[in-house]
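Here come two complexes built around chain A, the first alongside chain B, the second alongside chain C.
Let's turn to the complex of A and B:
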């Protein structure tokens, strides 16, 4: 049994920041993390963060993770890695599983920062090997160094779908297409631009209808969908792929929150059921706080600030408010406000407003970005068309020629008069959205400098093709220079190549071999049913039959079909089944009861429980009932 | 929802469902409305281990169990619903001379009622249940015709057939009170309206005392938390339900392959609390690993709890309430309601349609036994 003042469950961005703030107040702080290191999702995030300096803008996620873990270690935070919290009990103790040991932690305060889990998209044969969640694929690729397929179909054009597509190509895989059910790209346009100019088509209002193959994914069929997300007959086509990657959203992971007995509520803008919490991140149970994706899906930058708020309040409870942290708390609040401004912060703003009973903030529309197209000389072209909260271009500029202004979601403004064409902004932009265009390179040629993060990089003198913003080869190009701006980013290269002068405003990528588009192949008929609960092999048809027999809630269907009774305890199927029920009952998921969550969160061997030191060993030879009872 | 009914059944667990089925399908009384505050089998029925045995220490329980098991055996033929009935037997190990004696006494009583239980040696136990460590066992009581079934499917089968016969089943309908006239309950008030009725069955399980209070009755029942766990499924390797009275544990392998096991909490107090504590999996796993060492690497996937509704003698209360003769109780099954439900349904249907019970004697289950001092010995074979 381990005593601690503040226990943080989950060592991701929110959890680490909670630990840092709690430890800074001098209280005994413990983090429980089920992976072998602190970092959470950061350990696989090879892209740079947006935001401002205090949100680690321009730093790669993986480096932010290392930095925060270092701070935790400097502050003597007790980090228990490879440890899973399997239950929170009414006597205040927290059950933990570490290797072969089940033990308890007795904290005074708990911060639950368990993050999120990936949504599953059900379609015929969606359980064929080769269908991956984007997060899982990212772990395989960026943490374990395994690329499980060569050609991919990406489903979902949110930030995760776009980023993972880009990373797949960085790893040498081919992404034949990205399909997106909505009529717009959900992620940042700059992330979409990165993959589009590399030749990946993004099909809006399209989805994957089914996959097929002999024991593994070999082909994926794509279809146009109508306004009610139904496939349009006759519009389907099939591509040859060996993997389909699903990036169709995240749901807050609230198992422990629900099992502990915290009140939960379905908030669509938070992407699912979340713990009811106040702006101090305190749940309905006084001793439990929540932070990060578990309290509503947002970017990691917001998770980190939420973690700081939760950690600080948890520690203040323990010190009975002795430290004066008001100024710090105001600072955190204003940081969160900043991150939640603009159209991309809208969902988070509205979700939290609902939770806190505030008036819903109005919808914000994207502004039209002013084009910055220099006419002569060597100047940056900033292709940043959305109000992203981000400023590294301005911060990196040595001549202060790029300015953002007070509001971090403003568009960058370039003063061409003072700009010296150094290219720092090309190296700094986390969205890879700044290009250097030198129209004075020669009489007939312009030189384009682009940010480059692929391997192998081209070499000086390489001849190839320039691609336009949609990935179409438009003209021959020759590499003139490869360099790095080490003080800004040690890894990213700047590749300069020449194109005919009239292509200066079109050429945005360089390849040596001309790309070819994906070939369409024969469509096979889909399987006639869809697996919904993978642990217990329950299909959509069985669920509908059960519903039609009168069992109209998740808990009833669970009892008759065993959905959610497997090792994952409904992580995958609960969301899908509630969706089916809502559709059939013509109601909203928020009106339906989720299942009751049970300990243990992770299947635990009988022998591990039996050998726990939390109860004195028993003498079966001279059996005395424990406590002299039964 | 109907405004009138001959019979209103409160609770859609196994007892209520059995009563509805017996009344409407077997005894021709179709004017029945069932009200359930949650959904079918949402309470103790849906949380129990699913076992059924005839190895009891009191004649009353033996008789109820015996008649119930034959009903479960014929369940699919009668209802068309497969209830996963499995005749795997029940084994009760003996660890000392006192237990050997206890089992012999009970076996004698059970044999008198034609229950084929017998005393088995440790060697025989090894054959019946190879996963058990019999080293320290002196033998055990075994009955091959005991078994188990899936409680959800049982309730489903009964309710569907009852509904076919005309019973109105109202789920998500909570009883809020009663209207009475003299010693008659005349109306049942619910969250969805009032039903005028001639007769009420209280089959509300853990909440039956709450229902009684609405009539000003102080029913001698106490809800008590019982925790239970389930492991990951493995290939079938174990037939009987094992009940170890010395170590306070029962376990069996379900049709689905998972092992299900529970015990009576140490120092448990009467309450409606069905949340789990951290002690339970440690305590239970120790006993399970001691009894059946080959199971020790099995993973526990879920722990839950349900309410036993205890009476002072751990035997049920079945029949009319003296204060309100048209208010029938079928409560206080003390953890064994599921296995006794078929015969309970028959008793209730006979009481209502014939005014007398022929299926078996029921005086032992009369509520007045606790007041007039005629209560017999406490049922000893309870875990």
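Let's turn to the complex of A and C:
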């Protein structure tokens, strides 16, 4: 039996930050993490984050993960990796599994920061090898450096779909298209602009209707959809791809929360069922806190602050409030408010307001950013048209020529008079949305400097084409200079090339070989049924038959068809089945009961439980609170 | 397919080791996931589903969806996407529910 003051389940950004704040208060802190290292989703995020310096803006996700893990170890947090928490019992003990070893932890307080799981999209043959979750593909590609094919179709134009598309291209793959069911791009415009100028078309109001191939995906059929999300007959076309990548949203992972008995509620703005929690991140059970994606899908920046709040409150409970943390807590609250301002923070703001019984904040409209087009000299052109929470361009500028102001969702404003054309802002912008344009390069040519993060980079003197914002080749271009601004980013290159003067406002990318568009190929008919529960091989038809013979709830269907009883325990199918039920019952998912969750969370052979061994307790005896305790 | 050149990342791959997949010898890197080693060698089907024996590859890549369960050193239901590769591992396509396939 292992005793600890605060136990954190999940070692992602939320869990690590919870651990850091708890340990800083001098309480014994333990983190259990399923994977072999701390970091959660951060371990695969090669892009620079948005936000402000407080949220590590401009730093790549992977580096933030390493930094937080380092802080945990400096603060002597006991990190149990390769360990899965399988259940929280009524007596407050927590069951954990490490390899074949089952053991119990007795914490005084628990913070659940288990993150999220990826949503599945059902369509004929959606279970063929070659249909991958965006996060899964990102892990394989960025952690192990392996790609399962050369050509991809991305489904979903939210930030994840856009970022993973770009990262696929960084890894040398080809993204033939991005399809998005909505009539607009859900992610940041700067992320969309980045892939569009590299020639990737984004088809709005389109979806993938089926895939086909011999034992693996070889082709994907895309169709236009109407206002009620139904495919428009005759609009389909097929492309040849090795893989289809699904970036259709995340759902909070709440199995442990539900199993522990915390009250849950369906909040669409939080992306699913979440634990009811207050603004201190405490759930309906006094000893259990929640933080990060598990408490509602947001971004890592918000997950980190929520983690800090949860960790601090959990620790304050243990020390019986013997620490003056009010100022710190006020600071965290204001950071969260800051992150949740603007149109992109709207969902989170509304979801949390619902949970806390506050009046719903009004919808915020996007403002149009005023275009900044310098007329002469070498000046940055900032193409950042939305109120996103971000400011590295301003922070990186040595002459303070770019200002954002106190509200981090303000647009960047450029003072052309003081700007010296150094290009730091081009190197710093995580959205790759700043370019230098030098209209005085020569009588007939302008020089464009673009941020470059692809392999292979061009070389000085290379001749090729300039592409416009939609990826169309518009004119010949010659590379004049390649450099780095090492103190800002060690990897990113700044590539300068010349174009005819009249193309200065259009040229935004450089290629040596002109890109070719996706080729349409023959469409094969779809399979006539859809796998909904992949663990138990249950199809949509079987579920509908079951429904029509009187089984009307998730638990009833589960008992009859075993859906949700396979090893993934409903992570893939629960959302889909609730969706089918809601459709058939003409109601909303929020009105339906999710599945009843029982321990263990990860199907385990019962023998392992029977053999529940004592594990070597971590050496809390010789443990020193950092800084001599507060 | 292995990514050889990346503009941002340097992959610190473990030393090369041999293992078997359905009896065939394959080379991978120690410490990478079994899925990574197989996908790099062009193997996309990791299991056959339990009733319909449909081919399945990885899906979530983080140990949550059960799509990649394989029989490793005689033990079934091993999550290939989160299990590090070791020298000499005997990896097999899992057909149906684990127990049946562990022969």
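We adopt the following convention: the second predicted complex is superposed on the first by the 609 of 630 C-alpha atoms of A that agree within 3 Å, B and C clash if a C-alpha of one lies under 4 Å from a C-alpha of the other, contacts with A are read in each partner's own complex, and residues count from 1 in each chain.
Note that a residue touches a chain if its C-beta (ideal position, glycine included) is under 8 Å from a C-beta of that chain, and two chains touch if they have at least 3 such contacts.
Please read all numbers here as calculations on a predicted model, not as lab measurements.
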Query: Should A:567 be classified as contacting the first partner (chain B), the second (chain C), both, or neither?
result: both
Message: Between chain B and chain C, whom does A:135 touch in the aligned arrangement: first, second, both, or neither?
response: second
Message: Quick check on the superposed pair: does A:555 touch chain B, chain C, both, or neither? Answer first, second, both or neither.
response: first
- request: Look at A:456 in the shared chain and tell me whether it touches chain B only, chain C only, both, or neither; answer first, second, both or neither.
  value: second
- request: May I ask you to decide whether A:261 touches chain B, chain C, both, or neither, giving the answer as first, second, both or neither?
  value: first
- request: Mind working out whether A:87 is in touch with chain B, chain C, both or neither, as first, second, both or neither?
  value: first
- request: Could you say whether A:389 touches chain B, chain C, both of them, or neither, answering first, second, both or neither?
  value: neither
- request: Examine A:380 and indicate which partner it touches, taking first as chain B and second as chain C; both and neither are also allowed.
  value: neither
Task: Would you tell me the residues on chain A in contact with chain B in one complex that are also in contact with chain C in the other?
output: 566-567, 603
Query: Which of the residues in chain C end up touching chain A in this complex?
result: 1-3, 5-9, 11, 13, 32-33, 35-36, 39-40, 44-46, 49-52, 54-67, 69, 77, 81-82, 84
Message: Taking the touch rule as given, give the residues of chain A at its contact with chain B in the complex, in rising order.
response: 87, 89-91, 93, 95, 102, 104, 261, 549, 551, 553, 555-556, 559-560, 562, 565-567, 569, 596, 598-600, 603-610, 612, 614-615, 618, 620-621, 623, 625-627, 629-630
Query: Quick one: in the complex, what on chain A touches chain C?
result: 34-36, 46, 60, 117-118, 120, 127-133, 135-142, 144-150, 170-172, 215-216, 253, 452-457, 491, 493, 531, 534-537, 566-568, 571-572, 603
Contact footprint of chain A on chain B as seen in their complex: 39-42, 46, 95, 136, 152-153, 156, 160, 230-232, 246-248, 256, 264, 266-267, 275-279, 281-286, 288-290, 295-304
